[in-house]
Amino acid sequence: MHFTDNNRVEDLQIAYIGGGSRGWAWGFMTDLAMEEQLEGNIRLYDIDRSAAERNRIIGERISAHPDAKAHWTYERSDSLAESLTGADFVVISILPGTFEEMRSDVHAPEQFGIWQSVGDTVGPGGFMRAMRTIPMFVEIARAIREFAPDAWVINYTNPMSLCIRTLYEVFPQIKAFGCCHEVFGTQKLLCSMLEKNGIPGVRRQELYTTVTGINHFTWLTSASYGSVDLMPMYRAFAESYWEDGFCEGKDDNWMNNSFDCAHRVKFDLFRKFGAIAAAGDRHLAEFMPHSWYLKDPETVKRWKFGLTTVDWRVEDLRKRYQRSDDLVSGREAVALNGSGEEGHLLLKALLGLGDLVSNVNVPNRGQIPNLPAGVVVETNALFGRDRIQPVYAGPMPSNLLPMMARHIYNQENTLRTAMTCDRALGLTTFLNDPQMEIAPEDGKKLFDRMLEAQRGYLPKEWF
Amino acid sequence: MHFTDNNRVEDLQIAYIGGGSRGWAWGFMTDLAMEEQLEGNIRLYDIDRSAAERNRIIGERISAHPDAKAHWTYERSDSLAESLTGADFVVISILPGTFEEMRSDVHAPEQFGIWQSVGDTVGPGGFMRAMRTIPMFVEIARAIREFAPDAWVINYTNPMSLCIRTLYEVFPQIKAFGCCHEVFGTQKLLCSMLEKNGIPGVRRQELYTTVTGINHFTWLTSASYGSVDLMPMYRAFAESYWEDGFCEGKDDNWMNNSFDCAHRVKFDLFRKFGAIAAAGDRHLAEFMPHSWYLKDPETVKRWKFGLTTVDWRVEDLRKRYQRSDDLVSGREAVALNGSGEEGHLLLKALLGLGDLVSNVNVPNRGQIPNLPAGVVVETNALFGRDRIQPVYAGPMPSNLLPMMARHIYNQENTLRTAMTCDRALGLTTFLNDPQMEIAPEDGKKLFDRMLEAQRGYLPKEWF
Amino acid sequence: MHFTDNNRVEDLQIAYIGGGSRGWAWGFMTDLAMEEQLEGNIRLYDIDRSAAERNRIIGERISAHPDAKAHWTYERSDSLAESLTGADFVVISILPGTFEEMRSDVHAPEQFGIWQSVGDTVGPGGFMRAMRTIPMFVEIARAIREFAPDAWVINYTNPMSLCIRTLYEVFPQIKAFGCCHEVFGTQKLLCSMLEKNGIPGVRRQELYTTVTGINHFTWLTSASYGSVDLMPMYRAFAESYWEDGFCEGKDDNWMNNSFDCAHRVKFDLFRKFGAIAAAGDRHLAEFMPHSWYLKDPETVKRWKFGLTTVDWRVEDLRKRYQRSDDLVSGREAVALNGSGEEGHLLLKALLGLGDLVSNVNVPNRGQIPNLPAGVVVETNALFGRDRIQPVYAGPMPSNLLPMMARHIYNQENTLRTAMTCDRALGLTTFLNDPQMEIAPEDGKKLFDRMLEAQRGYLPKEWF
Amino acid sequence: MHFTDNNRVEDLQIAYIGGGSRGWAWGFMTDLAMEEQLEGNIRLYDIDRSAAERNRIIGERISAHPDAKAHWTYERSDSLAESLTGADFVVISILPGTFEEMRSDVHAPEQFGIWQSVGDTVGPGGFMRAMRTIPMFVEIARAIREFAPDAWVINYTNPMSLCIRTLYEVFPQIKAFGCCHEVFGTQKLLCSMLEKNGIPGVRRQELYTTVTGINHFTWLTSASYGSVDLMPMYRAFAESYWEDGFCEGKDDNWMNNSFDCAHRVKFDLFRKFGAIAAAGDRHLAEFMPHSWYLKDPETVKRWKFGLTTVDWRVEDLRKRYQRSDDLVSGREAVALNGSGEEGHLLLKALLGLGDLVSNVNVPNRGQIPNLPAGVVVETNALFGRDRIQPVYAGPMPSNLLPMMARHIYNQENTLRTAMTCDRALGLTTFLNDPQMEIAPEDGKKLFDRMLEAQRGYLPKEWF
């Protein structure tokens, strides 16, 4: 890359791992096309080469859009080495395994009465997804260490904390961070609250929120809009809507779709803990004890959030396949609508084109002083030229600390299990999840069964 | 006190808080009578004055025993101030509340399907016991700060960790530590194992065990007898007896009575975690998830340990009352049998009469580096003249860490709840216990009910 | 205070301790008059009542200036209690003692060959100034705890680190921070460097610098202007000017006057340590070993910075007295020129009127992870509504760490000495300063002599 | 190795690196011959093969002594691999370089007025010795990692802290520790003090001392003999003898010879810092500022300790060569006198033949909580079967902390310099030593000259 006189970056090289993605990739490519200060080349790498190839075509179409302010070139890379060599930035957004494995993640535990609303972060599903994802990230980390050690690495893959944690475990000098839009959703909820309180039209970027926790189990310990403290306002808001829930109206953008919830879980958590849980209710519920929000489908219904089935995901993907066809063939014209994500803004900040404070997933260096050093936490950070400096979030509140620590230590043991294929450690870690309120014998059966179900994606040391 | 030429301490002043104890006090007084290097005066303080008075008489009888090697004097103190002023040592062994409150601790949760084997350390019973005990220890700590700031303080009261933690919270310079014989019981089990392996006659003091954890949830991460590594031997032992349990034969000394268990829980924990859990199974079971060992009375039976009912305790105390009568009246002659406790040896060590390594409950100063500083942990320490120096136990093994941390953070929040009477914090802490695998609404009902049941012993700020 | 609809704060109450200040106060009052979003009342408290009264008059004149955008009212407070009660902000800018004591601080060590360029932060002079300043800050901290516990407290007094440290030692919940313009001076030097490199007109606020260290011994470990990395440019700059020094031209504003230096010390430190020392050379020299830059007046001259004599200060104050007379009497008209300080901007940020990243002196909460927790460090922080969140600065570079730690531990011992009047600790601390390369017997003589010289300002426990 | 029924270890394999040592080796071999519970084989490895061969012969003679209780066999190893493969223990006692390099270490700085009493630990001599020793220990650590990863490793080489630190840096799982008899010397001084106070005949092993610090700059923060607190007694002792010094009488055993001192430095340090410095005055003086005890030979004389010249060492070695000849040839009969060292006792403890508390150099795991983790400190530890567990020493006293931290950070930078051959870091580290109270230009000259003087032993990256 190089900088032009009018503060524009040209010839920027971005490696996109998982570049065949149907969804994320389109949003990212569109955001870049709308940003006039950046331009360059994107290398799409995907184990599904044809998907990468199709995105290459879609990317070129986006670049060719008459309103595009930057004209990126796209190429398909057929190996990690090829995509990474010379890259300034690396974007990682992969799907570990197929829907078959995901079906096991989400639905196998139902046989033992364990219902999961997402199954990709914690719970038995999150654990198993980690077992097959971590080895992939080990491989990616090694490739980055070899081919692009100085590149900045942005991850969007789940389980987020463990993906980032793995990158640093393998290559401690890596410059990696993880982005997730769940906090944005809660910030938008605060904007809706402001509107209800007679202050319409506020954008989430105008708020300041102190973000703290781990991905999908993130909390806001303070929130303000200008000189207005939003915490007392939220208290009243939570009390008003706790019983019936609050609906913001449909949001059809699939990328930001929180799959509809009425925020009852969020309000209930505020009433119990006094801080604003900042993720979709589907995610939050999975971090709390099984008997709280996920005891059975009726309980879930009462708390007004949905169980995302794999059938739904299969159908959703089918539609996106179709849309991919339409975009490639030109049946559907590309449109330049922003994704609402901040990825391109973070790139700009890291290039020195404008400092930014945003929430991010990076190893704990003390930003949350009473959590262990090195584990991946989500807090605000100050982004600037070649630096991400976490902003001090204060100690995790003492009432949240036990559950936060429980998940953090579980995740550390999950990492170690995946790195060592140690069944004994894996089992006790699996059993220690708050969702696993079942007899340990049953837990063991489920553990063995779920491992078996994804045998194809696990190192052979497991068996 | 003063030291004589032949290395003997005379005129030692010991304040005994809870000096009306029926059991512990007798053992302690007997141990002292059998120890020739120490002599002095014991001030028995108890809110039950007549109990203290009766123990004064029993103490004098013990002193008068023809085989007594030391002749201690006994006096009844009618206030903390009186007992503490001028004391070189303080012993605390109190019963917080009556059997009425204990009945609520142990049995009230049964209405919601929660069975407890002891109910005095963790679980809903342990939490509630802490609520009434901590204010008493606040008062004791203040009195020690005022009247005996330089005295060494030995506590035997449960919940042990929280009692010691409270003393240091109120008076950080206190020289307090907590003693518990549960680890001794497991060391004796290792001696039985040695006997089974053809090495009979070993005393527990001849073993070395690396002790780590918190009281009643203590683990041995290494164990040896001379040059013999006991860990592989224990692995075989646990495998052999895991299914049917191991019985050492009845132990009738009530002070050490572990209320009979077959160590199945201990063996199961070893098979899962690879370290030796070092407490009675009744205690260990309460630290693990409800669905593991305490799901229902049948499960408990299968694991071969007992639920200690309050009825049993009432009957047991009745017998000890009777025995107290007999000892006071002389119907029963005092006998000089050692209690098996180490309290008097620790006193000697602190006076400079012989260094000693033993397990002890003191604040974490780094002896377990991956647990928070300041929380009360149980590890080995080197006892010597006016010093207790913890011995480095190494990091808590990663597979044990999540559950250990969970209890530690719960206990910190339990302390804070008791100090502030904060119902919101109290409730989330109460619900976070591994035994509480019930709906939070039910948990709240139980919480309110149990608080009400001990209203008489709680600060009025609660209500 | 209250907020108006157009995002303006009215009726803000500011307590100004040391409100008789001739200089700082004028700049601050002027900055406020030029800021349209804030308005309120300032309570000027000073042990020199007439000085406070004169500033009250000057303040009213500034408020009455036709171009003033805000019309502050001024009142003289005759006690700490009076000034603090109801205050939203507290500004502290006091002069501890008189020129007599300062003369001892700066010049007494010359008898033993120790030359100091400032003598107010470290070295024998800084130590002694701390001895009389810390008791004053103990008193101020107690008053704030009693009368204005929720107010934000801004300190400008030296020795900065120890003043802030004392406030937190006495009242750990205080919301205090310290501001100093030395870093600004170095940022301006970087702007001059940019100009020399063909990029004129850049304001220091447009740079980003990673600030780390302790007040007056602060370092920039990275610096950038947009996408330009300033570190390589500075390396060339330091090499070019190391020998002859670099002169930016006279700066006559006494408040910002760095008393002229040619930055040779700064360049030399860069060549040795690879980071940009960010304070005036006069200050920096005092933190390094005596034999480096302050061996004797000739060495100082060679390094092209000045020894600030107390005679100079006496004369300077005389002029400011005169100016005070002129301003009070109206012989000199008040003028609305900005001071270049950021105090009023930080106030605005804390009120929610605009987030800001700036360097600040607050206790270390992990922003510099390899320095002890709780000591006062200077790094960037994110200022916003009712919060100052330090930005992670990374570990102190290993080559700077030993000298940084030496001063930090000395300052901790200086604090303890001042709090306890412990002569033994005081002497070893005094001797451990890098300037004290003299025989300890001589050091002791100097210690006793300098203590005696300020007897009037020391607690009687010293003697 | 194997254990016999009567608790004896046979066939123990010890690798002795530096096995040609004239002195240490003889003492160690003799101690082993006198110890009936251990027997086995010693592999003597030395780059001076003939020295190893001669010690082999001497070893055999010792084994053949009629009073020997154990009959060790000796063999010469011609490579690290050969000596290490299969070893249960590794002893390291090497001399890095020749007297030529040592002459530069000790005497080159004299040209700039820097006098060193030993020059092997800190100061310019210690730094330079580290530069050539650390690469040797890197090689040894790698060999141990490859050939004897489970062996216990005992080091006797100086600079002790850095040797151990290097072993752990290269191979973090190493089981290494460092032994030094300097603390024993101070314990013996306490025995002499007891004798002066009417308590004769006490052996140093009967005392308890809380040891804390780094090798050769170790302190006793408490000391007792049975129930007697030795600290007040030492205060009186130090006051009595501070002026004239205290002489214990000649000690002719060269291994323990502290090269005569009158303990004036030790007493002076006690009067200033209130703790007992526990090393010979020659070592202690080098850790304090140049102007305190080592300003010039007259100052040294006044403080009554000696400057150990290299000429003395050359002559001393000549005598030991001679003695080696005599022992090999049989002109001198071997005698079984204990060395006073504890090495063989530590071996026994690690084999499970008797627990032991002794001072030892190992990485800080929290035994001194306010020093950085991982740096090598000297404290007590509990030695037992396959474990060394540091005993908590408490925080370094605040008045000692600054100087202790200064040396520790210097040593960390010394290590990094040696590992990276970074001249810039090396120079600032070299200049930061308390002995270097000279102009930095002179310091640089000395630095270059001393590096040059040992060019033969430095990695070529330096030049």
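Miscellaneous remarks
Going in written order, the chains are labelled A, B, C and D, and every chain counts its residues from 1.
As a working rule, a residue touches a chain if its C-beta (ideal position, glycine included) is under 8 Å from a C-beta of that chain, and two chains touch if they have at least 3 such contacts.
Being a predicted model, the structure only gives us computed values, none of them experimental.
Common neighbours of subunit B and subunit D under the contact definition above are absent.
Each chain gets a centre from the mean of its Cα atoms; the one farthest from the centre of subunit B is C. Repeated interface, listed pairs C-D, B-D or A-C, reference A-B: C-D, with more than half of the contact pairs matching by residue number.
Taking the mean of the C-alpha atoms as each chain's centre, subunit C and subunit D sit 46 Å apart. For the pair subunit B and subunit C, the distance between mean C-alpha positions equals 54 Å. Distance between chain centres (mean CA atoms), subunit A to subunit C: 44 Å. The set of subunit C residues that touch two or more partner chains is empty. Interchain contacts close the chains into one ring where each touches exactly two others, per the touch definition above.
Every pair of chains in contact is given here: A-B, A-C, B-D, C-D.
On the side of subunit B, the complex with subunit D involves touching residues 3, 7, 9, 208, 210, 222, 224, 226-229, 351-353, 355, 357, 365-367, 369, 380-382, 384-387, 389-394.
Considering their complex, residues 272-274, 289-292, 295, 370, 372, 398-399, 401-403, 405-406, 409-410, 412-413, 416, 424-425, 427-429, 431-432, 436-440 of subunit B touch subunit A.
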